[in-house]
Structures are given as C-alpha cells and as structure tokens.
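Order of writing sets the labels: A, B, C and D. Residues in every chain begin at 1.
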Amino acid sequence: MNDTYDVVVRGGTIVTATQSFAADIGIRGERIAALGAALPAGRREIDATGRLVMPGGVDPHAHIEQMSGMGLMNADTFETATRSAAMGGTTSVISFAAQHPGARLKDVVADYGARAERGAMIDHAFHMIVSDPDEIALSEDLPKLIGAGHRSIKIFTTYDKVRLNDRQILNVMACAREYGALVCIHAENDGLIGWAKDRLLAADLTRPVHHSVSHPRLAELEAVERMIRFAEFLDQPIMLFHISTAEAVAAVRAARDRGSPVWAETCPHYLFMTSEVLDKPGIDGAKWMCSPPQRTEVDQEALWHGLALGDLQLVSSDHAPYRFDETGKLSAGEHAPFTKIANGLPGLEVRLPLMFDAMVSNGRYGAEKFVELTSTAAARLYGLQRKGQLVPGADADVTIWDPSRQVTFGENDLNDNVGYNPWVGRTVTGWPTTVLLRGEVIVDEGRFGAQPGSGRFLNRVAEDIVQPTGRPADEARLVQEILS
Amino acid sequence: MNDTYDVVVRGGTIVTATQSFAADIGIRGERIAALGAALPAGRREIDATGRLVMPGGVDPHAHIEQMSGMGLMNADTFETATRSAAMGGTTSVISFAAQHPGARLKDVVADYGARAERGAMIDHAFHMIVSDPDEIALSEDLPKLIGAGHRSIKIFTTYDKVRLNDRQILNVMACAREYGALVCIHAENDGLIGWAKDRLLAADLTRPVHHSVSHPRLAELEAVERMIRFAEFLDQPIMLFHISTAEAVAAVRAARDRGSPVWAETCPHYLFMTSEVLDKPGIDGAKWMCSPPQRTEVDQEALWHGLALGDLQLVSSDHAPYRFDETGKLSAGEHAPFTKIANGLPGLEVRLPLMFDAMVSNGRYGAEKFVELTSTAAARLYGLQRKGQLVPGADADVTIWDPSRQVTFGENDLNDNVGYNPWVGRTVTGWPTTVLLRGEVIVDEGRFGAQPGSGRFLNRVAEDIVQPTGRPADEARLVQEILS
Amino acid sequence: MNDTYDVVVRGGTIVTATQSFAADIGIRGERIAALGAALPAGRREIDATGRLVMPGGVDPHAHIEQMSGMGLMNADTFETATRSAAMGGTTSVISFAAQHPGARLKDVVADYGARAERGAMIDHAFHMIVSDPDEIALSEDLPKLIGAGHRSIKIFTTYDKVRLNDRQILNVMACAREYGALVCIHAENDGLIGWAKDRLLAADLTRPVHHSVSHPRLAELEAVERMIRFAEFLDQPIMLFHISTAEAVAAVRAARDRGSPVWAETCPHYLFMTSEVLDKPGIDGAKWMCSPPQRTEVDQEALWHGLALGDLQLVSSDHAPYRFDETGKLSAGEHAPFTKIANGLPGLEVRLPLMFDAMVSNGRYGAEKFVELTSTAAARLYGLQRKGQLVPGADADVTIWDPSRQVTFGENDLNDNVGYNPWVGRTVTGWPTTVLLRGEVIVDEGRFGAQPGSGRFLNRVAEDIVQPTGRPADEARLVQEILS
Amino acid sequence: MNDTYDVVVRGGTIVTATQSFAADIGIRGERIAALGAALPAGRREIDATGRLVMPGGVDPHAHIEQMSGMGLMNADTFETATRSAAMGGTTSVISFAAQHPGARLKDVVADYGARAERGAMIDHAFHMIVSDPDEIALSEDLPKLIGAGHRSIKIFTTYDKVRLNDRQILNVMACAREYGALVCIHAENDGLIGWAKDRLLAADLTRPVHHSVSHPRLAELEAVERMIRFAEFLDQPIMLFHISTAEAVAAVRAARDRGSPVWAETCPHYLFMTSEVLDKPGIDGAKWMCSPPQRTEVDQEALWHGLALGDLQLVSSDHAPYRFDETGKLSAGEHAPFTKIANGLPGLEVRLPLMFDAMVSNGRYGAEKFVELTSTAAARLYGLQRKGQLVPGADADVTIWDPSRQVTFGENDLNDNVGYNPWVGRTVTGWPTTVLLRGEVIVDEGRFGAQPGSGRFLNRVAEDIVQPTGRPADEARLVQEILS
C-alpha cells in the first residue's frame, strides 16, 4: 500500500459544505489521497495549525479578456485575472467566450480557449455568450461546442449588441435543452431601461448616480419573471445571474416552489453595497457602476434570506474589470453621460474575503455555508467534477485561511490590472494565506507562485450539470411530441 | 310639475347591478324620468308584466368595419354590427379605430368616426389601436384625440403588423398617463407563439386544431405579467382583454391584491367553450378560431371565480366577424394553414343571452351580477356616463327580457353579416324581446326598428374612467420628478 | 293610478351603492314608491336641495343592554342606543342576545326581544351569542330560533365565560349549516392573550397601554386562520368581526381567493386610531380600550385596501358602551389593572359621520362605496330585506346629509348614555341632518322625534343571507354523506 | 505518527450528504481516523468492494418501551427496537421519555434513561413528552433536564391524556426558548378529529378505514398553522412531526419563506402508502393504522417536493410498535371500533431500505440526498455531535450497503417484536449488510452481534441544535423586554 504523500496539509480545521473537523489532508499528485488524523509525513508539509482549510473557491461568473458591448476590451488578461483570483483564494473560474454578432461561435470559443490556455493560472471553463443565434449557431456550432464540454450558455435580455429577442431566447433554450447545457441569463427588461434612459438623457441627468435610476427594480423583476416562464415552457434549466432585488428573490422562490428548473446567484456588491456608492462628486461614482446597480439594505436582507433558504444557490463575483482611465471607465471622457461609461467592478480577489468576513468571522450562517455558497454549489451546479470538495479523489484545490488576520482594503491593492479597489477602506477579518491548485502551491503565505498556462480547461459532461425536471409546459410538450 | 311621460315601461321587475324590485320606468325624451310603482300613464305604454327590465347591454370590445392585420376587412359594417348588437339587447358598443403603420392616427379616427356616424344604430365609442407610436402620434395626435373624448387606447403585444415592442408600449402608456386614457391590451407573448408556429408549420401541423397549440397558455400568462409590471411602473391603468387561462386570472388577482391599477375582462367563448371546438374535420374548426384560443373546463371555472371575486370585472364579446368563405376565414383557400386563417367569432348578439342563461336562468351569481358584468361595469370603467344604469337622469337604454323564452341557436340565425352562428345547437333560456335606446324603441318584441346613423358617439371625460393610484414605481416617480 | 305621495324628499342628490343622480323620492306609507325628476307634491315635502340623500345606515354589530363577560351591564338601553344611532344616520341595527352559561338560549332571545320591542326606536335584529352549546341548544333551541328568523350566531374564541373550544365551535357551525344561519366570530387566540396577560400582570405592567401588548397581533391572525379552516371544513359561511391587522386582512383575502365562504368587517376605531390612544396618564387610556386593540397606521392602510378590494365587506361600529365611572370602565377602581377594565367604545352615532368624512368629503373611494360599506352590504349579507337601498318597494329608510356641515366632536356630545366621546377634538365634514325610518321622520334637521318601541324586529329568511359554496372539505363531506 | 488502524473499511464508495467518492475508511477506537485511497492495513479489514459506505442512519422519531395514551405498553423494548434499527442500518435513535399526567418529569426521564442504558444496542437520546406542564415542570424539572442534555421536547395538540391547550403549549415553548431546547409537535386539531369521530361513532362507522376519515386533512393543516404562529410569536424553533398532506407542506414552506424557525419531517408510510391500505376486510386494516393517517398520491408528490426544496428536512420512522394481537392492536377485541385501536406502524428497520430503494436505486434525488434526509440532517438539527457524517473525528458509525441486493418483505421478517411487517410483498433494491457503531461491527453481513447496553446516551448541547432567529413577534419581544 501507498503510505506516503506528496503534500500534507497538517493540523488545520477542515471545513466542507456540511462539516468542520480537525484533520490533515494528504495529497498525491493532483488529487487528495486522504483526510485523517496524524497522517504520515508528506514530502512537503504545510502547517495549517490554527487555520481553516477549505476547498478552493469556484467563481462561476467573471469577465476576462472580453470585449464589452461598447467595444472596449476589459482590463484583465487571463494572466492578471487568474492571478488576482488565486490571491483571493479562488482556484476555478468560469469566464465568457463572447460572440459578437456576425462572428462564428466556434471561432469565438476557439480564440478564447487559446488565450486561456496561454495565460490562465487557475482552472477554467467558459459560458458561451450567444448574441447571434442564427441557423449555423443553433444547428451546428452549439451542438458541437456543447458536446465538446462547453455546457453553459450566457444570454442577455438587454444591451444593444448582445440582447436577444424572445423568440431567439427560446431558440437558444430549446437548443440547450436538446444538447444538454445550462442557460445563464442577464435578465433586465430592455424597454424599461431604455424608457428611463431616454428621459434622463433628455433632461441632462447623466451622472453616475442616475445610472441606478435608469435600471429600474421592475426591469430586473419583469425579465426574471419572463425568463422563468420560458424555462417553465421548455423545461430548460436556467441560472439567473446577479439577482439584486427582493422582488426578484421572491419571483425565483415562487418558481422553485412550483418545481421549475430555476437557479440564481447574487454577488458581494449586492450583499454589501447600496446605490449610495454611486453618489460621489463628479464622475467618481463611475468606479462603482455595474448592472444591475446596487440597491438598498432591504434588498441585502432579502438576498441573504434567499441564500439561507436555497432560493439563491451561490455567490459569484461578476468580475468586470475596467480601469478608471481613458482605456476603461473614462473612455468617453470625464464628462461622459452614464450611458457611455463601462459597467462593472473587479471582484475575483475580494469575493471570498468579503464573504468569509460576513459568514465565518461574523457568523452569518457559518463556515460550512460559506463553503457551499462560494465553492461547492458552483462546482456542483455547473458540472465541475472534482472541484469544490475536500474528499479523497477530488482535485487538491485547497485554500488555507487565517481566520484572525485583519485586512483593510486600500486604494489599489488588488492583484488584477484594474488599478482601483472598490472596497477601499473596508476591513475584513480572515484571509486566504496559502492556496493549492491540483496539489501545487500557487500562493504560499501570500506569495504568488504560478506560471501562465498552468491552469487547465475544465471539460464538463451533461450528467454533471443541473437537469430538467422532465415536465415541460403542455404546449411545448405537444410540439415536441408531434415533431418526434 | 311634470306629470306625464313619453314612455312608461310598466309592470316589470327592474334589475340593476345591486337590486331587483318591481317598478315602472317613466321616460321623458332620451332620459329616465322616474322609477316608481303605478306611475301615471305615458304617451306610449310598454307592458313588461312578467319580464325583467334591465339596463341595455354595454359591449366594450368589438371589431366593426375594421381591417385585420392580414389586410382582410371584417364582415360587419356599423350598420350590420349594431343591428346585431341591438337584437341581442346591447345598446352601447366600443369598437376600434385601428391605425395601420404609416397612417396618421387622427385620420384613422376621423375615418372610423365618419363611418360610425353614418351607420351605427346604437351608441358607440372607440378604442384607438396604436400600431405606430412615433413622435407625432405621441406628442400631437394622441393628446388631441384623448382630449376630444377618445379615452381608451388598444395595443398588441403580438401580431406582426400591430405589435409594439416594450419601449413603445411604455411610451404609449406614459402618454395615456399624462393625458388621461385607459390602455387596453391584447397580451400574449409573441416569441412563444412564434416559436410554436415555426415548429408546427415545419412539421406540416397546420389544421385549425393546431392553432390552440400555437398559442401557449404561458404566452398569455407571460404577457399579462409583463403588462402588469409596466402598469405598476408607470401607475397607468390597464385593461387586460380576453383573459382565457386560470394562471392569468391568478396573475391579475395578485396584481390587484398589491394595489396595482389593473382591470381585466373575459368573453363568453372562454366561459362556455373549450379548445375541443377547434377539432373538426377538414377546415371546419376555423369557424371557432380566435386568439387567444378557447382553453379547458378548469379555466372556465377559474374565470367564473375571477368574475365572482371582482378580479375580472366584465364580460365582453370580442366580436370579430369573418364569413366562412373566401372573403373571410377561407381567404387563403380550403387548405390554408391555421396561420393564414382570420381569427375571431361573432359575439355582439349572443353575449347577453348566453350570460343571462348561465347567470339568471341557471342562477350562477344571480341577475344583479349579470347586469354588473355585462352592462354597468363596462359603463363605469370606460367612462360612459349615463349608461349601464336605470336611475332618473340616466339614458333610457332599456332591455326587456322574457326570462322563460327558450331559444336554440341555428346555423345562421344572427343579425350580423357573418353567415354562421358558432353557438349552433346550444339552447338558452331567457331572451331580450324589446330594447330602447335613449327612449326610442329600437327592438319591439323582436322586430328591429332603428335607422342607420341613429346611434350617437359617446364622448368621455378623464374623470369618468378608471384612475391611477397615485403611486408609480420608485424609479418612474424619480424620473417624473426630476423631469418636472 | 295613484299619483300622490305621503312624503316627497325633493331636490337632493340620491346616492346608492352604485350610482349618484339627481332625483326626488316619493314615499307612500312605509315604502319608497318612486324615484323621479319633479315628482308630484307629497303631503309632506322635505327639501333636500344641496343635500345627499342616502339609504339609512345599517349597523350590524352593536352591544345594547347587554351584560358583559365580567357581569357588567353596559351603559345603553335600547332606547338610548337607538336614539344615538338614529342621530348618527343609522336606521337598522343588529345587536346581541347573549347567552350566559347555564341560561336557555330561547329564554335569552325572548328576553332581549321583549326589551328591544319596548325600547328600540330603529329597526333591529339579533345575533345570538352562544356560550353553552349543549345538546338542548344544538338540537332544540337553535333550530327553532333560526327558523324564527334569527339567522346569525355570534361566538367567541376568547374571554373566559363565553369562549368555546374548537369542538364546540364546530358543533355550532354544523348546526348553523344545517338550519341556515351565518356564524359571526370574535377571533383572537385565547392562549396567546393569556400568556401575555400572565406575564404582564406578574411584572405589574397593568396600565391601559399594556392592554394592547396583551392582545398580540398574532392572536388575531391565528384565530382568523383557524376559523377560516373550520369554515372551509364544514363549508359554513362565517363573518369575521372587527378585523384589526394587516396580516388578518391577508388571511381573509387568501381564503376568499381559494373560494372559501368567509366574510369580514372592520370598525372606525381600527381605520382612524392607533394604539397610541391608550397611552394616556393614569387610567385615562381606559376610555379607548377595546378588543382587539387599535393597531398601527400600516394596518389602517391594509384595512382600507381590504375594503377597496372587497376582502372586507363592511364597516360596523362594535358599539360597546361603558361609562367612564364606577358603573363602567372604573368598576374595579381607578387603579385597576387593564384586565379588570371593561372593553369597548361607543360608536353607533359616530360611525357614519367618520366614514362620510373620509370617503365622501375626503374622497377615499367615493360616496357610492361609502353607502355600500355602511349600509347596503350589511343589509345584503345579513339578509335584511328592503334595507340598505333606495328603490321603489324598499323601506323608506332615508338619511339626508349636509355635505358641507363641519362638526368638531366634544367631550360628551353624543346621544347615547356613555358620557364621553372617544373622538373628542376630531372634526368631520358632512353630517346627517334628517332621517326617515319607514317613511317617518325620526330626526328632523337634527331634532330627534321617535317614540320608544317604534323600531321593528327584522325577521330574516335563509335565502337572503350569505350562502355556503356547496363544497365542504372532503372528510366533512364524507361524514355527511355516510351519515345521510 | 500513528500509522495503523483498528478497522479499515476498504474499497467501497463513500457517500456523504454532499459527495460520493472512492475511499477507504480508517478507524481507530470509536472514531474515524482517516478517509483515503489505499490506507495501510487495519487490524480488522472489511471489504466494501462494490458497496456503498454511508454514515449510519439516524432515526429521530421512534416510540420504544413507551406506554401509549390508552395505557398500552408498546411491543418493543430498547433491546428489540435497537436490534431492529441496527439490522436496518440505523445507529442512532431518539425515542421518547413520556410523562403521564401527574408524574414528575425528572422521574420519567430517569426511568426511561435507566431502561435505555440497560437495553439499548445503538446510541440514543430522548425527546421529553410533556403532558403536564405545571409550575414544577416549567421552573424546575425542564430547566434541569434540558441543562443535562435533553435538548428536545415533544408535545401533542391532540389525544386525550397528553394534549396541551394553547396556553400550556406557549408556556412549554417559552421554557424551551429560555433554556435552549427544540420543541417537536404532533400537530393535528383535536376539535376537528373529535367532531368527525363523534359523528362516525354515532353512525356506527367504526372500521379501520374510517380512521382516515376521522383525521381530516384540515386537522393537520390547522394545527400546523397554529403551531407555526406560536413559534413565530416566541421565536422558538419547532419541528413538525410526520407531515402527511400537501397543504401542510405548503404551510411549512410559507413559514420558512418568511424566515420562521420551523422545521418538519415526514415518514416512509406517507411517502409510499395511501389511505387505501386501511381498507381491508374486517379489522385487518388496523395493521396500517397510524396518526395522521396515510393520504393520497398527490400528497406523496408534495412531500417529495418539500424534501427536495428543503422545506421538509428529514425522514424519520415514527416507529410505533404494536402487535396485531390482544396485547396490541386488538386489545379491545376483533370488533373494536377504530377509536379503540392503538395507532402506529413498525418502521425502525425498514426506513432506510425503503428510502434507499426510492432514492438511490430508483434515482430520486440521488444517494447524497438519501444520506442527508436519513442521517446527516437529523444529527445536525437535533444536535447529535459526531453523528451522521463520515469525516475524521466523527464517530465510526458506518453502514455498508449492497446496492444490488433485492429483498421482498415477508409477513413477519423484521427483527423487532411486532410480529408483522406492514410492507409485506414490497420489493426493495439495496440492503444494509454490515453496520459499525463507534467502530464496533454490530451487524456483520446480516448477522447481528451487539450486546444489550452497548448503546450510549447522547448528551446534547444548546449550540448544536437549531437556533432561534433572534426576532420574536413584537408583543412577545415587548413582554420579554419589559420583564427583563
């Protein structure tokens, strides 16, 4: 029998999505070989005494090396983004392969794949953004790409260049249903946003703070309700991205109560910020602009309760990195109206510390639930085998936390390429000090040590992602039946 | 004091929306002068002994002399349609002034108005169908037309030539809010219908019975939910036309429970028919094709319960007359797919007898509720002053019913120009025998006696139609506030 | 033909539950003979120019000459109570025939009937309070009394001497179902109230303000939910008395949405007061003590919305008259704990002016809805034929309002025998100046003019009260079926 | 370092509440020491090749050596009951220490404890049944017993000798809140049951099949709603036992949606049986009588959906063993009415195989969810440290399943003392073949091998059971505040 380990993480308290217990982790190669008390010595010993040992974070929502709808390349390469993620305790990320209208989806995915292969330093997969679901995309590219392990699609109900109309959305969903992919959705009603923007611009109300007025709460609610109905019609699983309002939480809950194949996430900036962050002098509020915008404290509580009950299943970063300069947020100048300012916040690195502080240090729902929301659930729902868990046979993706370390965020202290930290001034307790990716120490007591390209593409199979219920709406079933 | 009457309706049982009582009606000129026991003799005496005396019916939803979206003129002129209505006990009708894209709305309304003035034999008003809400329509024509008494607008969320997108709908609603008009909506999701149609046609499933599959229940529900959200956003009163499903009733109820300015109607073909009527040999089912399609018995019960609780407020005919020949339903031939067949049923004449039979003769909710649903509520909600009531000062629009007369509908026994009766074979108990319009006897024991042009346009004022709540959504209010 | 009237109310604006219109009322004997413009002169002419002419108020919830649970006789006789009611525009009242344990119900009803016959100056009926539903009550007295026209029963879920346990409640409901009576309920959970009282008394927290703490909101909600379940089980119509909380409104709404035979009322002190009225120096707050207690402004809005949607159907006074002296509120002394203070407010006289002020003068839902809530609905639901309406054949119960008269309530300006006015200092606009009962002027421009005993008992028949749905719960139906 | 194990379970697939993975389990003493691939040899090796290795079952609801309300001792001793449990794969059980009115609770618990200590062969704890919450119980016995680790209380809302009234229930809940115990509830409305029983008995409808009629669905729903309100009032966590109806599931869901401290369980006989089991010739249906009774297939689906969404958290046996002879079900003779027949089914042994068959073999929600519902959740909610999990440091309670073994239940093939198997004829796939309790093999390939008394009492601490939310109802908070 095999009685030695390559690495032993010794003396820590292991936390999984369901239990906390004192044990060592023995690693052989890329996998966890054993959990146990007093394991035999490993070739490398990592002392985790007094530390919490958790599965590496899984962030299923990040924009990396992606061209925005406005034609603006975001600030991070796979190299800078995954370095930032790793330094924040995250070892797997799903970013986007974004089709722009006219492009062949298979080329888009190949291009993003090549770039990730060169740059990524943590493991990765893609949601395919479909902006042009023409016949070739639906009948050729998507079936092949899904079959090749790209088991998630992202669509938009708003934004001029990428939004799909209802019939297109249904076509994409039907395709996903047939070949086995999850459909992720940015759900806000384009008409409500447009109506508000028109009037704000006409009245010269164009500062960042007006951005939040231009994205009505009801815009999120309406689109969430509509997407749920489409999911119910086709019985196609959907993941509602970045839920921000109490009303949308209630709509998701109602859908799940009636058995619909609906999942949802939220993000730290909805749990910890309100729209007041946008109300800064001049254009400064632009740093915090994202879509949907931050909301109110009542919404924060509703989001937490949704997470507690399982109506929302996970917390992602929606990392959308733009520098606060002419290459990013200020590309249209310092006096640009909010409609010309790129939307998004960096989040890959801060997601876990912010959530750890709230959940573990301050006790909201506890450490196990923290692991569930930030790692285990994402791996399970998106079909990332061997991720998000600490059991023998799983990938040895391990994040070691110092639960007592306090960090106050600075102006520009993140390891991405964004140049500002939207959480400046906030103090968190608990910090990821050491991170292992498939057995390799990529962050060692705060020192980064991985090589570009060391991350690996995560192929996914249909059985591992969330499944339809088997009960489409009557008419959809009739249509399918008479067709087949 | 004035002690004689032009007409006395004597000896009947008067039924209003709240009470039944034995009394005579004394009429002077066009108005009711008195209700009372043993009124003095009138110049004309109408014996109503053993009869029920009710306000003339108000039908707020009928297509008359209107070009369909397919470019097909419907079968009825104002003359034939209003003759049919009167013979069925109805004395006021609201039909449509239908803008086709490109036409100036003011011209459209003028044209319909002229035709109604020439032909109509009962009183009438128009819902303005807006299919092209451009700048002129929104800032010039609609404000003027609304100000001229056209206090209701109709919009579509489906049908190629007339449907509006979400931003257009919001623009129309905002205009209606500003100038004081009710917005009526044909609410079905165009994407779901299109998705289903594409697949049915591709599979050569094109018979009338497939029409009902092509209009999914969820298409109605989704659009109803979306329109409710828009109404809530702008705090603009809406009337949801021809609700057909239990789910949509529940959505309306939920909206009203939370205080939203939402009203809704249904029609006899949803209360008394199921989609089985479409399943006939060959193209025969086309006679019963309408949109939304008939549904199930469960839906029928839900619609009745919605009417009982006040979630739905009224029952209209949605009279949409097409002959079953090459000028109408068969314009694309006997082998046309369902997508090429005009949608609609005649209903102006049968609406009241069908409802009377169910509610008065068979006792469902009683005679007062029958009057409420078919006359009083429509007059009140749509701002038809002096209609739908039997009190001194009201227009002397009176329908006298023989509660014991039984009629079995025949193949072609209606007084419209449609040429078939979709209710053939059905027997109803109770029939309107004599009808007065503003004091004139226009139907006398079944004999029609009015002249074309004797109907009158019903000017409406803002105060008389249903009102906003004063509570738009936060962002809409913010937008309005900062604009004003 | 008969062309003269005993009385003509001339020149006013008549307001019914559905319409307002200018007309005279012609009265012959006790009944309305005609409504009309310019009616012939009556033997007596009442000038109503500039006035609103409405059906006399119907107050279905008042305690008159009744012994309280504490053994305290309340302050009003039928004479003083009905004088007060009439002066406030009310012409019909339903008070209680209250069984105390051990008494034969038939004797109780006979006794109250005799006293009402002697004293009452408006028309009247009784709810029978059943506190001892033994075999004789259930199988003998109740069947006979219901058959004799006493078509409503009142039960309590709290108060030591009168509350019934669940099985007793079911027995009473089953009896009511069999013989055709409505069951009215004071619904508050006795255990929750007791639990709170125990602890408050133990802590010497005994001032009137603690009374509201001792009647938890959840006590109302729980009992309302439970009574609804019983009503659903047996399919027995119930009327939930004096709803005070938003949560209970929602529970009633939910029940009605699912088709349950549930009705509910509220009272002016819940619509216009909050529990702050109880927080006065010393024992002064006792003047405002009632059960359930006044709540919050949020509850007020919920109650109004419930009235608007029809979830609550009417507004009663719950007149419960106790003097603020040793014969009433202070019977246990000036330092008595709240548990020893009689509960109740006078309300017969102020109910209509308070509601008129809010609804007609201040426009909340309008004059027609005011008539519906305070007169017509009560007559309809409780089976008071010929009451609550102004149509030929109805009883000539007419209240004439001066809509511009302003009244500021004083310390002791009511015509009951209570000695204080809980609404002191409040100004209302609109006042009932003249009142007719069955054609007799009992209040003439503010001067009272009726004789004791002139009021009449209102016999009621089963068909006129609210009806079961015909759908008891499965097991209740099974039990009935196998029994029959 | 310690490199040998007392026992190694080798070569199996470990299944926890969240993951399945191939690994060995190394055990030292009573605890799990390691999970890993190819662990070093143990002193004892157990071959689990091809087997599923799961945490031992935790059954938190079983009646053992308990006197029924009718005064009937049930059929199992701790010895027979725990033998049966172990043979079915269960290693921990919570049974009852049942106070009969008049008995001192501390004596009751001591007595049950002594008997369990002597007989039990698996680990165990008690729910204290409180039937007489007098001053001594509330202020002395319960505080001490809770402090001594008896962290759960059971109360009844029905059954003559044990049911508490509402105020008593609130007193017990308040005591539990103060000292930190979970309150478990048999929730059925006693009045509804009594009403139905009275009528059934009067009509001589007394067969076992009438038992289900006598326990109306609404009796469960009403009591569930009431208990939820009490839990909300005091913010006291409750566990609703043996939920059987779809309506009750919905009530629990609604409570949890609004954040209430409410948990719930169901049992195999509600998931797999309907009330048809009671409809047998003669008294034979008595074998299946339990309370609440089995319901319908619609309820089964609702219960499963509740388990899927987490509204119900676990599945217990409600083992209630009575022999089908004169010592048990037939104690009142073969012609006894259903009211004289002891209620209950044996379930300790079959619970896991039935659930395994449905969830693992037939795939409903999967093996991990099976572990969650039958072991992990119960340990977590009830505060059984080190139970329900397979991690280093946990008790080595391990059940090894042969997933392919098929068993068809026989007439009398269980290891309890009941004498019949209510599941006779049903075939399940998957069987627990070997069971370890704290490292000891107590079932070895189907051979039982434990000694009476080898089970151990499970002391529980407040922090480990489910917690209040910190938000009692306003009035309860006010009462507490002013008291403290």
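Everything that follows uses one rule, which is that contacts are C-beta pairs under 8 Å (C-beta built on N, C-alpha and C of every residue); 3 or more make two chains touch, one makes a residue touch a chain.
A quick note: this is a predicted structure, and the numbers were derived from the prediction, not measured.
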Note = Every chain in contact with both subunit B and subunit C is listed here as none
Query = Of all chains present, which has the mean Cα position farthest from that of subunit D?
reply = B
Task = Would you mind pulling out the distance in Å between where the CA atoms of subunit A average out and where those of subunit D do?
result = 39
Inquiry  = Rounded to a whole Å, what is the gap between the Cα centroids of subunit C and subunit D?
reply    = 50
Query = What whole-number Å value describes the gap between the mean CA coordinates of subunit B and subunit D?
reply = 59
Note = Touching two or more other chains in subunit B are residues none
Note = Residue set of subunit C touching subunit D in the complex reads 165-171, 174, 189-192, 194-196, 199-200, 202-203, 205, 213-218, 221-222, 225-226, 229-230, 232-233, 473-476, 478-479, 482-483
Message = Which residues of subunit B touch subunit C once you look at their complex with the stated criterion?
response = 1-3, 14, 16-19, 21-23, 26, 28, 33-41, 253, 256-257, 259, 305, 309-310, 376, 389, 391-394
